[in-house]
Every structure is written in structure tokens, then in C-alpha cells.
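A quick write-up on the structure given underneath.
As written, the chains take the letters A, B, C and D, and residue 1 is the first residue of each chain.
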Amino acid sequence: MTHTYNVRVYYEDTDMGGIVYHANYLRYIERARSDWVRRLGNDQNAMREAGIVWVVRKLEAEYLATAKFEDELTIETEMVDLSGVRLTMSQLVRRGDTPIFKATVTAVCMNAAGKPVRLPAEIRALLRKTP
Amino acid sequence: MTHTYNVRVYYEDTDMGGIVYHANYLRYIERARSDWVRRLGNDQNAMREAGIVWVVRKLEAEYLATAKFEDELTIETEMVDLSGVRLTMSQLVRRGDTPIFKATVTAVCMNAAGKPVRLPAEIRALLRKTP
Amino acid sequence: MTHTYNVRVYYEDTDMGGIVYHANYLRYIERARSDWVRRLGNDQNAMREAGIVWVVRKLEAEYLATAKFEDELTIETEMVDLSGVRLTMSQLVRRGDTPIFKATVTAVCMNAAGKPVRLPAEIRALLRKTP
Amino acid sequence: MTHTYNVRVYYEDTDMGGIVYHANYLRYIERARSDWVRRLGNDQNAMREAGIVWVVRKLEAEYLATAKFEDELTIETEMVDLSGVRLTMSQLVRRGDTPIFKATVTAVCMNAAGKPVRLPAEIRALLRKTP
């Protein structure tokens, strides 16, 4: 199932080219991922207190069109793979029907020592509930 | 004595007005403050491990001129007041002789519970060494 | 009349202190100002095409408490002064009833040459409609 | 030939995980690219006045290790392909000999209407001078 999340482009997001600064799409799509896992019941504050955080491990992205100040963008997030150690998602940023940016993002869990660890079972269970 | 620190303006710093986005001066002047205290011997990583972080408590700022992509800016930082609980600094961002931004920043120390605490004695001692 | 605007704290907004990075409140309150003027009918894209942009001229801010990841914050914006050349607003960021950050922000209009200009009459008219 | 560029990690770059926020590596490597082309003689301010800007078209990135506040990082940039319409670079962020982040970035030129255009001949000539 696809999770959708909306953002509006603000001044902070633009650069002197008059468009959204390329790195800021990574902020947008992380907001969408955070919203998605929160709705599934994954409490990232509690995870962090337990010494585990989500970190991005791999990213493949294409910039398909530009977005401008005041644009309303929709972000679609879909899980494409889940293993014992990693979660891979496909994300699309679009303005109406116009695709703007798409990315495949792989995230893993890291402990306080900075080492990758297996995804906690309860988080895997939450993610598996995704239709 | 005045601490000086140089920054160059990059794409990430600009906005669609073609100038440095106003909030980014706060990033610039914090880089200068971090450089200043590091040179004095204040290890913020060690502070954080000890459960204490510097936080900004108050800020007064004036935007005097604009800065553009590729500009080389100099930041001057001076301590204007130091008490048992707070540190106040005056900071100026200039491009050559042209003043761009100036601010008075008051910082305090906060513990892991989010409560303000007295400045650690060793940090006060380091700061007092500033001529 | 008070304009209200909501933001949620995301990963991008936090720093290693575990709280919202101080400069990011300036991003939050600008989102609120942009939302406020857009609702009044001020089209900042059209302004920019006409060679005029809003710029912040002065800022006085106090950090009253900290905000954390996932917090839902409300920003209240009120116009406190409007002259032919400047607009001054009072802004408060709160989490429920807890004040987090407050600021007084003065903005002016700047032309493409980087010079301050009088506020366009139609924009003053829009702002004056604010009860 | 490899271009090298150094950055230090500041507070603004970190997130509540205590490490550099993942999107900020894109800012770091763009600083390196801007430094590289400026040294070759590519004036991005003049380009923009002529109605052309560089935009990122494609990005493939891997996060290999984490970086922390105060870390000094080195960014290595190498051109891997140059055609009439696009420039592809390989970039590595390392702390000493420890690789932290690597990316392949494809950039194109865009005109004021947001359309991709051929790379200006004088820019291709500058880039070809790279040994």
C-alpha cells in the first residue's frame, strides 16, 4: 500500500536558481518516511532511548522536474523490500500528476556504538502489517 | 580580543531571492562560536557525553546588507559578558569592510533533563583567559 | 488577529543535543509568515517576478524551552506595526500551552539591486485588512 | 585528477542520532563541486545572470560510516564522464583513511524556463582541461 504525505515549498527550501535545492528532497522524503512509520506505531523517540536509530544506508535518486516556492507536493512511499537487517522503500515526489523526484532508499538500524544491528522484531512486525 | 572565522557562501546557503537565506547567518555565527571555544580548549563532544550542551537563550540580530553566492565572509566574535550561568557574545559578519549581519547572542548550559545549569567552572576558566 | 500555523518536528530539525537546532525556529516562523501573507492574498512568486522580495531586517528572539522530535508545535503570528517601509510581527512557537520560542521580526521589501524600497501599496492594503 | 576539499562538522550538521544528518552529505559534496569548478574558472554567478544554472539530475549514494561533530572530513571529487549535455562525477567523503560516504552525481545545465540545455562550450572546455 502507498503512504502519501504532503509538503508545501517554503523560502527555506529554495536556492538562487529559484527552485527547490536538490538536497532538500531528502528532507521531504524523510518527513514522509517518519510520518509513515509513526502511523504504523514505530516510536523513534523510544527507539533512540533504547539506543537504536534508523540510518540511511543507500540512496538512488533522479530529479525529473523542478519545484518552486509555494508548490504543493505529494510524496508517495512504498516498501519494496524488508529483510532482517534492512528496509528498502520507493519514494516519489509529485506535483499533481507531474513527477518531480523519485528515490529508492535503503535504511538500516544502528546502535549507539555506530554499528548496524538487526531490525527489532516488533518493528519488522509493524512493517509487515503494511498490505 | 576578537576571534575571526571565514566562511564562503555556497548554493545551499542561498534562497530564491538570490541572497543568503536569513536563517543561515545563525549557522554561520555558530560555526564561528564553535571554532572559538574549540580553540580555547572547550570540547563540546566531551561536554555532551557529560550530559551538558550549550544552548542559545537569546538573540538580537540586524541584517545590514545582503550576501551572495561565492562571497567570502568574515565573522568576528567577541565575548561581552560572562556570568556563572550565561555567556554573551557580540558577532559581526562582514564582507571585507562591508557589515552584513550583526548579532548579540546569549548562551547557557543545559543538562540532559533540559534544565539550565551553571556553566562548568573549567569552561568559565577557559573563557576568562580570553584577553 | 492572530494567525496560527502548525509544524511537526522532524529528524532534519534536530541536532546532537537531541532538540530542535536553534536556527530552525527561524525556518518555522518564516513558514508561518509565508502562510499568513499567502492567505491574505500576497503572492510572493509574483512579487519576485516584479523584482521585489521580502527580507528580514531585524530579529529579537528568546528561547524559552526546547522542542523534540515528533513534537507538534503551533506558531502564532501577529502584526504589531506597519509603516510605509516596514512590517513588524510578533511570533510565538508553543507546544500546547508551553511557550518554546518567541520573536519580534521586522521585514522590509528589497528590489533586485538589493536596495530597500517602500512596501507596495497593494501589499500594505492587504496587511491593513488584518483585524 | 582528483580535487580535494575539506569540511569540518558543525552543530548544524548533526541530528538527534548524534551524527551528521544524511542529507547534509549532499551539501558537503556540492561545496566540493562548487570549489572545483570555481578553481577551473567556471563562474556560477555569471552563468546564472546568463540564465543558466547547474542542476543535479541523478544521484547514487552509499553511507559507509558515520561522522560526528568536530570531525574533519575530506571530499575527493573526480570527473568520470563528460558529454555535450551532462557531467558525471564520483565523490568520496572520508575521515582520514575511513570512507564515510560515496556518491556518483550527474549534473546538467538548465535554462530559466526550467529546460535542460547543452553544456556551454566554454564550460566543457574548462572541464576537459582536467587531466
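Here, a contact is a pair of C-beta atoms (placed from the backbone, for glycine too) under 8 Å apart; a residue touches a chain by one contact, two chains touch by 3 or more.
Keep in mind that this is a model prediction, so the values were computed, not measured.
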Once the contact rule is applied, which chains count as partners of both chain C and chain D? A, B
With chain centres defined as mean CA positions, report which chain is farthest from chain B. A
Taking each chain's centre as its mean C-alpha position, how far apart are chain A and chain C in Å? 27
Distance-wise, how many Å sit between the C-alpha centres of chain B and chain C, to the nearest whole number? 22
Please output the residue numbers of chain A that touch at least 2 other chains, ranges allowed. 11-12, 16-19, 23, 27, 30, 48, 68-69
Under the touch definition given earlier, write down the residues of chain C that touch chain A in their complex. 10-12, 18, 27, 30-31, 34, 38, 44-45, 48, 68-70
Residues of chain C touching chain B in the complex: 16-17, 19, 22-24, 26-27, 30, 48, 53, 55-63, 65-66, 110, 114
Can you list the residues on chain D that touch chain C in the complex? 11-12, 14-19, 21, 23, 68-69
